[in-house]
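After this come two complexes, each holding chain A, first together with chain B and then together with chain C.
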Partner chain A sequence: MHAVGYHDLGTPAAPAAPAAPAAPAIRLSIDGTSVEVPSGTSVMRAAALAGVSVPNLCATDTLKSFGSCRLCLVEIEGHKGYPASCTTGVADGMRVRTHSAALMQLRRSVLELYVSDHPLACEPCPANGHCELQTQAAAHGITHSRYAGGASRRGGGRDVSNPYFSFDPDLCIVCSRCVRACEEVQGTFALTIEDRGFSSRVAAGQSEPFLLSECVSCGACVESCPTAALHEKTLQACAPPERSVTTTCAYCGVGCSLVAEAGHGELMRMVPDRTGQANHGHACVKGRFAWGYATHPERVTRPMLRKHTGEPWREVSWDEAIAHAAEALQRIQACHGRGAVGGITSSRCTNEETFLVQKLVRAALGNNNVDTCARVCHSPSGYGLKQTLGESAGTQTFDSVMQADVIMVIGANPTEAHPVFAAQLKRRIRGGARLIVIDPRTIELVHAPHLRAAWHLRLRPGTNVALMNALAHVIVTEGLTDEAYVAAHCEEDSYVRWRDFVSQPAQSPEATAGLTAVPAAEVRAAARLYAAGPNGTICYGLGVTEHSQGSTTVMAIANLAMATGNLGREGVGVCPLRGQNNVQGACDMGSFPHELSGYRHVSDPAVRAIFESDWQVVLDPEPGLRIPNMFEAALDGSFRGLYVQGEDLAQSDPNARHVAAALQAMDCVIVQDLFLNETSRYAHVFLPGSSFLEKDGTFTNAERRISRVRKVIEPLAGLADWEVTVRLANALGHPMRYAHPSEIMAEIARLTPTFRGVSYDKLERLGSLQWPCDEGAPEGTPTLHVGHPVRGRGRFGVTRFVATNERSSARYPLLLTTGRVLTQYNVGTQTRRTANLLWYDEDLLEIHPHDAEDRGVGEGDWVHLASRTGETRLRATVTERVAPGVVYTTFHFPESATNVVTTENSDWATNCPEYKVTAVQVTRVAGTAGGHDPGRGNPVHA
Partner chain B sequence: MRIERLVAMANDIATFFECETDRAAGARAVAAHLRRFWDPRMRREILAHLGRGGAGLSALAREALSRLASD
Partner chain C sequence: MSTHRPQELQALVLAITARLRDQPGPLLEVLHGVQDALGFVPGEAVPLIARELNLSRAEVHGVVSFYRWFRSTPPGRHVLRVCRGEACQSMGARALEAHALATLGIDCGQTTADGAISLEPVYCLGNCACAPAVMLDGELRGRVTREDLDALLESWGAGQ
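Then we have the complex of A and B:
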């Protein structure tokens, strides 16, 4: 069932050919009304656009027309018979009748056949009032069937295995919408129709329960079902929703638009928004279903204080908690100096909230000690893209990938971490684009249903730069560069230096194969494929950034795009896949210690003057501490107070013991979050946070798309996060007065050139906006660097490979790399409190069969994982997804303490931690998770 | 702050800029990076370390810090 109130147009819009002249409009008449539509539109869609609804059951506007239900028959002047309007294209001068006595009779007969094996007792049905069969039966006066009673039912009973939705074959009309949604929208191909006639039945996998099949629970089948055969379990016990609110998902950086349907003060279901510009009506198991954490019993809804971290928490009023926090920060500053405190903004919070936290630090605390969790994920993207292209952001829309001919995915696993974009990516690859995967692991995209990567360059962790240089070597030495683009759009000096550098024999695939472990012939073939394009897109993730040379790799990627002219139009570009919902936005909002909103350095007096005038303060011209620097400063006693909004530093940051020691050394740690978490173990003040369902604001996704977050339910703790920051700032003596987040956005727009044209009113009107949004681009900028790179001329960076200090050795012979799974999210704060645990309830260590055999490790065995930094215990899974010599795990569960073993190595430019390379040893043990300290791992030299 | 950590970070920055063909340009770039991205207390501590002999610093990092000190 699609969202209540959604007007389904029946078939998708006619595909638009890029860079081609607009298709001529077709004029036709439908029931006497003249309508003009693009060529390629179906009669059904044209009718819907003209306000005429043609009855149908197998059609929906997210799926290609199918023509099976025979309910959408129409009469077309000059045509024989009654063509199906969903499969018939419009033609100039066509005259269509959608309603007549003959059509009514035909449709009644068809409906009688449908209801012959479908119960007509609608009252107890979860879809009552929102069922397309019920609607059509009522419209055609069908209350019974002449054929009823003789039909066998489809047997097998209801499938309730999936925690979020049920399948009831008795309610199924075998329209195949679910099967087609699984294929066309999601690309998983988990469903089929098995058997024939009355025995026809939707089957998951090899006729398995949904939960055990390869179904990824994206919900596309549920969304497309016209009846209640597939329906959300939350609907079973509830009355129909009373209202719906369009908002933006708070999980990954795709930023799906979702419709929250609520009633009786509760959220009842979340439906993907078909008008959503990032997701076009699709969602994943997290955004679609895993929102139950918002009302989980473990939510903390009262502020709490304690003097020492060993004491129990004491619930207090908001006033007492805020006053205590403010006094503590001021006391620390009085004793230890203005720079002894700071704050951390969250990529999970809204733009408005992150803007306020950095404002609080700069204006109320008087320093620039503010950082954000983007430090530990995509800070190298900001640096590398700014240096080369001039803007700290991805260059494209997600839709751009549909115009790509070659797609290179580097260090990203979109099917797990960005599933809705992955579905689009897979659709394009099935449509003919070639795929190059660069990853130490055999991720799903390497070989998925109906697609196979042209090349999988399975490099050794830590050798990204060497491989990128080898690709560049082939492109340059084989004359595959776009010299015209480079001459017109790039700095000549930098190009010549880079070209000379990558042309060196030492950068060749043959010379670097020993480092990367990738055969030279494969590198050469992949380089030729990318350069040949004609449209080549590069998508990358944390497998690029979370390295000691993260920024260098980002620059190398930008170099490749510039050298091949793959910038400034649709189908090309560089797309950093942001991990969290608002990583891009948190960075845009001035969360980094060296820059104000819009990526302007604090040392620039003209920039400071703008903010000083608006905020009526004097700003510190020096950069502040980054997160890892804060920890170091805490341990030497010069940093003693921290306000952390929505980040679990103690679980997510590397070398967790070092982080814990730093937090423990502080005089006052203020945590603002939904739940007590690992960081709150070291906190003195706990301020209850609010989930994305409880507040208004905006998120900015990986496409630079600013989308509205809208309040669905009241904040459980009484205040939205932005209101808490306002109270704290006021208590610190810096007045903040906002009645609504729209006023904060007005301030952001006033102070930030790239947001100058952004307002809530415009977002209401246009749905979303991609920055830069200003006088020159009042409706936003889908593609960056059109005409020329933002910095004027692109600058090539020389990207010499420097091996990480983290080396494997006889004692630590394996390389550990980390990542995510589809059903869990980052440190698991949200997803561990949902039924997603049914799919993944512990972090597992992937180990190659050869390495497992050497160590006597079998499937499911407990293993001891030790690095130079620390040690922990996990269970092993033996798989060829990882190469020999490489092990892999996730960091979703605190008890596995994955980050106890990761090191303090970091990117040279940004201090982004090197999560992706840790030398480890694995040994089989008997035991449980974590280490000797229950559930929390141990340092090596404790 | 642990001086060995600051030394390692400064050396990492210098290693990237060693690719500059003009050594003075490399030192300028390293110094600019430290000025733009390092909190003053970090700069003070590593400059103090340089003043004590600068053990562990690479040649380019030393040149950059000398330049930073004289700015």
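Then we have the complex of A and C:
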């Protein structure tokens, strides 16, 4: 069942022909009403656009027309019989009749056959009032069927294996919408119609419970179901939703627009917004279903204080907590200097909240000690793209991939980490684009139903730069560069320097194959494929940035795009896949110690002057401390107070023991979060946070798209996060006065050139805005670098490969790399508090069969994972997804303490940690057959 | 359930898919190939076929379950197919089928407990001029009488 009140148009819009002039409009008449639609539109859609609803059961506007239900028959003057309106295209001058006595008779007969096979007891049904069969039966006066005993789908039993939805074959009319949604929308192909005739039945996998099949629980099937055969379990017991609010998902950087349906003071259902510009009506298991954490009993809803970290927490009033926090910070500053405190903004919070936290640090605390969790993920993207192209952001919209001919995915696993974008990527690849995957692991995109990468360059972790240089070598030495683009849009001397560098024999695929472990012929073939385009897109993720040469790889990627002219239009470009909902926004909002909002350096007096006059303060011209520097300073005693909004430093930052020691050394740690977390073990003040459902604001996704977050329920703790920061700033003596986040956005727009044209009113009107949004682009900028790169001329960076210090050795012979799974999210704060645990309830170590055999490790065995930094225990899974010599795990669960093992190595330019390469040894824990926990202890707090 | 060891089954399926994968729409050919080799399409073969043909398990399962010809359980040592086409029905095929089922003590589409004989319906063997027709382990017979069938079933070791 789609969102309540959604007006479905039956079939999708006619595909827009790229580059061609707008298709000529077709004029036709529907029941006497004249309507003009693009050519390629179905009669059904044309009718819907004319305000005439043609009855149907197997059609919905997210799926290609199917023509199976035979309810949408119409009469068309000059046509024989009764064509199906969903599969019939419009033609000029067509005269269509959608209602007549004959059509009524036909539809009644068809409906009678449907209801012969479907119970007519609608009252207790969760879809009552929203069921399309019920609606059509009522509209055609069908109350019973003269045909008896169809109904042979009955007795199959309900499938309630999925925690979020159930499947009841008794209610199924076998319209195939779910099967088609799984194929066309999600691209998983987990469903089928098994058997035939009366025995036809929707089946998952090889007729197994949904939970055990390949189903990824995206919910596209549930939304497409016209009856209650597939429905959300939350709908069962409740009365229908009373109101709906359009908001933006708070999980990954895709930033799906969602319609929250609420009633009786609580959220009942989340349905992707069909008009959502990032997701076009799709969502994933996290966004659509995993929101139950918001009302989890472990939510902290009262502020809490304690003198020492060993003591129990004491619940206090907001006033007391805020006053205490402000006094503590001021006392530290009085004793240890203005720079002894700082703050950390969160990529999970809204732009407005992030802006306020950095404003609090700069204006109320009077220093620039503010950093953000983007430090540990995409800071190299900001740096590398700014250096080469002139803007710290991805160049494209997600929709741009639909115009791509070749897509290169580097160090990203979109089907797990950016599922809705992955669905779009898969759709484009099914449509004919070629795919190159560069990843140490065999990710799903390499080989899945109806999907096969043309090339999978399975490189050794830590050799990205060498491989990118080898690709560039082939492109340059084989004459595959776009000289015209380079001449027109790039700095010539930088190009010549880069060209000479990558042309060196030492950069060739043959010379680097020993290093990267990728056969030279594959590198050559992939390079030729990318350069041949004509439209080549590069998407990359944390497998690029979280390395000692993260920024170098980002520049190498930009170099490739410039050299091949793959910039400045649809279908090309460089797309960093942002891990968190608002990483882009947090970076944009001035969360870095050296930059004010819009990436302007604090040392620039002109920039400071703008803020100083607006905020009525004097700003520190010196950049502040980055997160790792804060920890260092804490350990040497010069940094003693920290305000952390929405980041679990102790679990997510590398070398967790070092982080713990640093936090322990501080006099006052203020944690603002939804739940007590690993970091709050070291905290003295706990300020309850608010989930995205409890506040207004905006998130900015990986496409630079600013979308509204709207309040669905009241903040559980009484205050939204931005209100807490306002109170703290006021208590610190810097007055902040905002009645609503829209006023904060007005300030952001006033102070930030790239946001100058952004306002809540405009967001309301246009749905979303992609920055830069200013006088020159009042409706935003979907594609960057059109005409020329933002920095005027693109600058090639020479990207010399420097091996990481972290190398395998006899003692630590394996390379550990880390990543995420679909059903869990980052450190799991939210997803661990949902039924997503059914899919993944512990971090597992992936190990190749050869390495497993050498160590006597079997599937499910407990293993000891040790690096030079630390050690932990977790269970192993033996798989060829990883290459020999490489092991892989996730970092979703605090018990496995993955980041106890990761090192302090970091990107040379931005200090982004090198999570993706750690030399480790794996040994089987003696006497522990699979399944038995030997007691992992908790190395972090030992 | 497959009577084959996993490695043997994998080798067999891979050989068949390797031979046929470049044909347009190779799935049906591959399923025929597997059934010809094994007498049925084991559930364990479905993921292998799916992977090799770049399809999902569900898609392959949908096709296997759609066509009555494809079996997902091993057939008996002998397979009797009795024609249900109109011509054969008019010449007493339904009675013949009922008789066979009674003799074997099974339902249509089932296999005797000792694994000797499977009886399957078929919807025209194209032998209408010689109705009623049956097919015995792939061999077509026309104008089959109850006595013919008894003799045959007995020779296959069924009944009595």
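In the analysis below, the second predicted complex is superposed on the first by the 919 of 942 C-alpha atoms of A that agree within 3 Å, B and C clash if a C-alpha of one lies under 4 Å from a C-alpha of the other, contacts with A are read in each partner's own complex, and residues count from 1 in each chain.
Note that in this section a contact is a pair of C-beta atoms (placed from the backbone, for glycine too) under 8 Å apart; a residue touches a chain by one contact, two chains touch by 3 or more.
Worth saying up front: this structure is predicted, and the values here are computed from it rather than measured.
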Next item on the list: Quick one: classify A:A203 as touching chain B (first), chain C (second), both or neither.
Entry: second
Check: Any idea whether chain B or chain C touches more of chain A?
Finding: B
Margin query: Tell me the contact category for A:P753 with respect to chain B and chain C: first, second, both or neither.
Written below: neither
Notebook entry, point to check: After lining up the shared chain so the two structures overlap, which partner does A:F501 touch, if you call chain B first and chain C second: first, second, both or neither?
Noted result: first
Note to self: Quick check for you: in the superposed arrangement, does A:H601 touch first (chain B), second (chain C), both or neither?
What the structure shows: first
Note to self: Looking at A:P449, would you say it contacts chain B, chain C, both, or neither? Reply first, second, both or neither.
What the structure shows: second
Margin query: Tell me the contact category for A:L625 with respect to chain B and chain C: first, second, both or neither.
Written below: first
Notebook entry, point to check: Considering each complex separately, which residues of chain A are in contact with chain B in the first and with chain C in the second?
Noted result: none
Margin query: Using the touch definition from the top, list the residues of chain A that touch chain C in their complex.
Written below: 188-196, 203-207, 213-214, 447, 449-452
Note to self: Which stretch or stretches of chain B touch chain A in the complex?
What the structure shows: 1-2, 5, 8-9, 12-13, 15-16, 18-19, 21, 33, 35-42
Check: Which residues of chain C touch chain A in their complex?
Finding: 43, 46, 50-51, 54-59, 61-62, 65-66
Margin query: Applying the document's contact rule, which stretches of chain A touch chain B when the two form their complex?
Written below: 339, 369, 497, 501, 548, 552, 593-594, 601, 603, 622-626, 629, 632-633, 635-636, 638, 798, 800, 802, 805, 904, 906, 908-911
